[in-house]
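Presented sequentially are two complexes of chain A, the first with chain B as partner and the second with chain C.
Right, the complex of A and B next:
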């Protein structure tokens, strides 16, 4: 049987094998019941419904006719689901007998048509998948080369089931909140004076073009690629303008006030002076690294990220909030999700996946690439990529580390000749084309030059996925608080 | 070793896919049913509210 039940883990970071026990349901009703945290018990259900006799009955049937008959039946059941719902609605409304205006108010309050529409869409998707699978079976029959191949879902029941669950969860639970958050954001932006930074200041200090934050970020000689990548990933979010305008302010003397975490009610107010954005004297100049190595540090000065002032301020604010001063040397080395969580606070939820493992025999960490992830983590990764939505997601990734003896610098990504990556380096994900299965990345060294990799090339060349998902409900609540506070 | 699937195998697999489809469709039907139930309850609550207003019950 293809589907097995399993326990849904809470988050990508909280997989706990000891949690995988589940109660065995007895009634058919319980088998059909879908509850978050409990897998669908298809195995038991199908045993009950189909039994052993059905296969024997099919022995004499022509597969073509049989398939046509089943598809037709599936189509009529899908249509039936929609017509049933319309009939039920009419029947309920007739029997309760409320005025039409009351009915429309309640329909709107419940988001009834949207929710019914989603059920209909899901049914159509299931029908489409059934058709694909059936035609796939016939294609398999025609090709002896692929005769023994099983579909992905046959071989990887847990992977498929988990991905289905994640997609459903994201679409159905988060979508209404995201929609409301967008409306609220638009209202906030329309109401002049509510936000601490004016639209004009934002455009001057953050945007390269009007209505478009194409931050031409260029990491300079400081090893904070993870921070620059995180800021770039954040700048791609449609919420970025609201987040910055509600939490940052440029004062008349040229200094900035930044509330960290951004959008937080009780965030720490960090002040960044114009001097703190200037190049800094390197106290390590001509000294050897504390971590070893023979080359002295030849950087006389440590430069801020090259880009719009607002983005430089974000880099400085992260460093100052973490280290107490804008100490660029101290900020060298880190992870993008740490920056995103530090700047985003509770509004962001960590979604990180790492393929690195410690090899006790060689006594060192190994970075085999995301392609080597186990099924559970791969389901999380694929789900994130296939459903990448700038409204919800911000991601940085880190390339595989260089092998011993390999010169740190550019290298070609495996499987492609035109793209260049840097080992042990953070990149940001600018966008994902799920249909073409392409990831669009930016190197913090120059974010204006996009790098496109297929999903496979991406998994081959990157070992760490340090991302977040916006907690839309929390963001919405934070926006409300900001609006209320300013209004008061 | 490659094994050519037989007609019987195919009909069995189609049946299996079909049964899985039915099981998932059934879940959606139940979800729809639950939504209808919720809708009816809300309408009835509103109806009750309206009646209370008419009768001036507090």
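Right, the complex of A and C next:
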């Protein structure tokens, strides 16, 4: 047998107590030896008895340096371990006196190279973990020190306000209990409301399916993307049905009565006739735009949003309430939160952030994107996204404006391969996956096609965040007042 | 036995008895004056026993100025004579 004299590296039999006893390490070198199933005892090294007192003192005096030294020591021991093992193997192979080709065959057959590699990998893995743990511990200590220092120093009021805000959003109750509460709240709202629109009318005029509100909208040739986006954002709310049914009514002649703001006690009753939902003649046809530009307006007719009738009514009601008539041309250009606040009144609270800034030197507006927000606004935006709840939040966002004036075009969302956005255009937020940090958006041109962006892509590509939060107290109060008024 | 106890306890009455403690939990956690808080005692679903957690009273509290709707929960003990481990969160 050619290979009889070839010594296998000794390993401890863990089932044999005497063998275990023999392997009790005496020296630092022993502590670093690899043991199958045990690994390399770096942790033992850190708490070995010899010199423990002086090390502790050193640790207390200068913990950062102490940790760095220990990591460096462990690193050098790892290298030594690999080198020593390789040297020992080389010596053994030399003593056998076989040709190099045979040695490599033996290495391969015995799998020694692989095993050495594995030992090295294991050592590096453990070293990595040790580094992480030590740095984690020190980072924790440092941050708690910094936090204490901060609270002792003059803390800026806005941070204190923000901290309070974030603190109150921390969940104390379990998710099932919160979900149960949300169901109860909906029952409570239902019990309080006087609904002017029947469930059947709502299903016919708002939803595509029997039990699902699917506000599939397609903006036509009118530049009211912000209004369509806002209506779509609103339609995602679980309160949408209650809000619409309590404030809208279809009359026998086909016209609609809409109380704007919706759910308000003293809202203005806006009537929308069937004619007002039809395409209307464009008074600007073949003329230059009133808002500038060189091209004549080639739109002969201005079309209402394409979608269910109830959603068209909401678009028309917003325009009529704001401009006195359903003047689609006048409604071109605006902000989503304006529509939400107009339709929701004081049941909604504004929650908007804009990254655009006016550059007085260049005498123009700049749109650096939401990613450029200052720390406080970024914290609010992150908080809104991470806690996005369709029960209470409705949001539209606007893309950066085109760098080449008012020219309409597409641009690829940065950091993605297949998503195209329109400059100076409003989108609605359909949902947010806080865990995956993804925002699901809809383009008013066709809300049935979702666009998914990561939080970072979202911040990079959008410059305006025009959102609201439902004011539950106002909503409850409004419902009570509406009910009382109706009863009287 | 617990079920029997539940049947004889009216959640609305219980919430009324512990109204100040319930408001106190929200007031302390969210820094709101108790006078600005209102329990929805007149609503059937304003106070209820949780089906998710046994022996737990749930009560909605509205922040009348800030517009938040809070939920306060508490463990019912001694057949409804005491309410312990009160917790609160914003629902919407």
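Worth pointing out:
FYI, the second predicted complex is superposed on the first by the 291 of 488 C-alpha atoms of A that agree within 3 Å, B and C clash if a C-alpha of one lies under 4 Å from a C-alpha of the other, contacts with A are read in each partner's own complex, and residues count from 1 in each chain.
We adopt the following convention: contacts are C-beta pairs under 8 Å (C-beta built on N, C-alpha and C of every residue); 3 or more make two chains touch, one makes a residue touch a chain.
If you're wondering where the values come from, they're calculated on a predicted model, not measured in any experiment.
Contacts of A:391 after superposition: chain C is touched, whereas chain B is not reached. Applying the stated contact rule after C-alpha superposition, one finds that A:176 touches chain C and leaves chain B untouched. When the shared chain is aligned, no partner comes close enough to touch A:316: not chain B, not chain C. For chain A, the partner touching the most residues, choosing from chain B and chain C, is B. Contacts of A:439 after superposition: neither chain B nor chain C is touched. In the superposed model, A:370 makes contact with neither chain B nor chain C. Of the two partner chains placed around the shared chain by superposition, neither chain B nor chain C is touched by A:233. Contacts from chain B toward chain A in the complex involve residues 1-5, 7-8, 10-32, 35-36, 38-40, 42-44, 46-47, 50. Residues of chain A that touch chain B in their complex: 1-3, 32-34, 40, 42, 45-46, 49-50, 54-55, 58-59, 61-63, 66-67, 70, 73-74, 77-78, 81, 84-85, 88-89, 92-93, 96-98, 102-103, 105-107, 109-110, 112, 115-116, 119, 122-123, 126-127, 129-130, 133-134, 137-138, 140-141, 144-145, 147-148. The touching residues of chain C, counted against chain A in their complex, run 29-31, 40, 43-46, 48, 50-53, 56, 58, 60, 62-69, 71, 73, 87-92.
Considering their complex, residues 164, 168-169, 171-174, 176-182, 184-185, 187-188, 191-192, 349, 389, 391-392, 470-474, 476 of chain A touch chain C.
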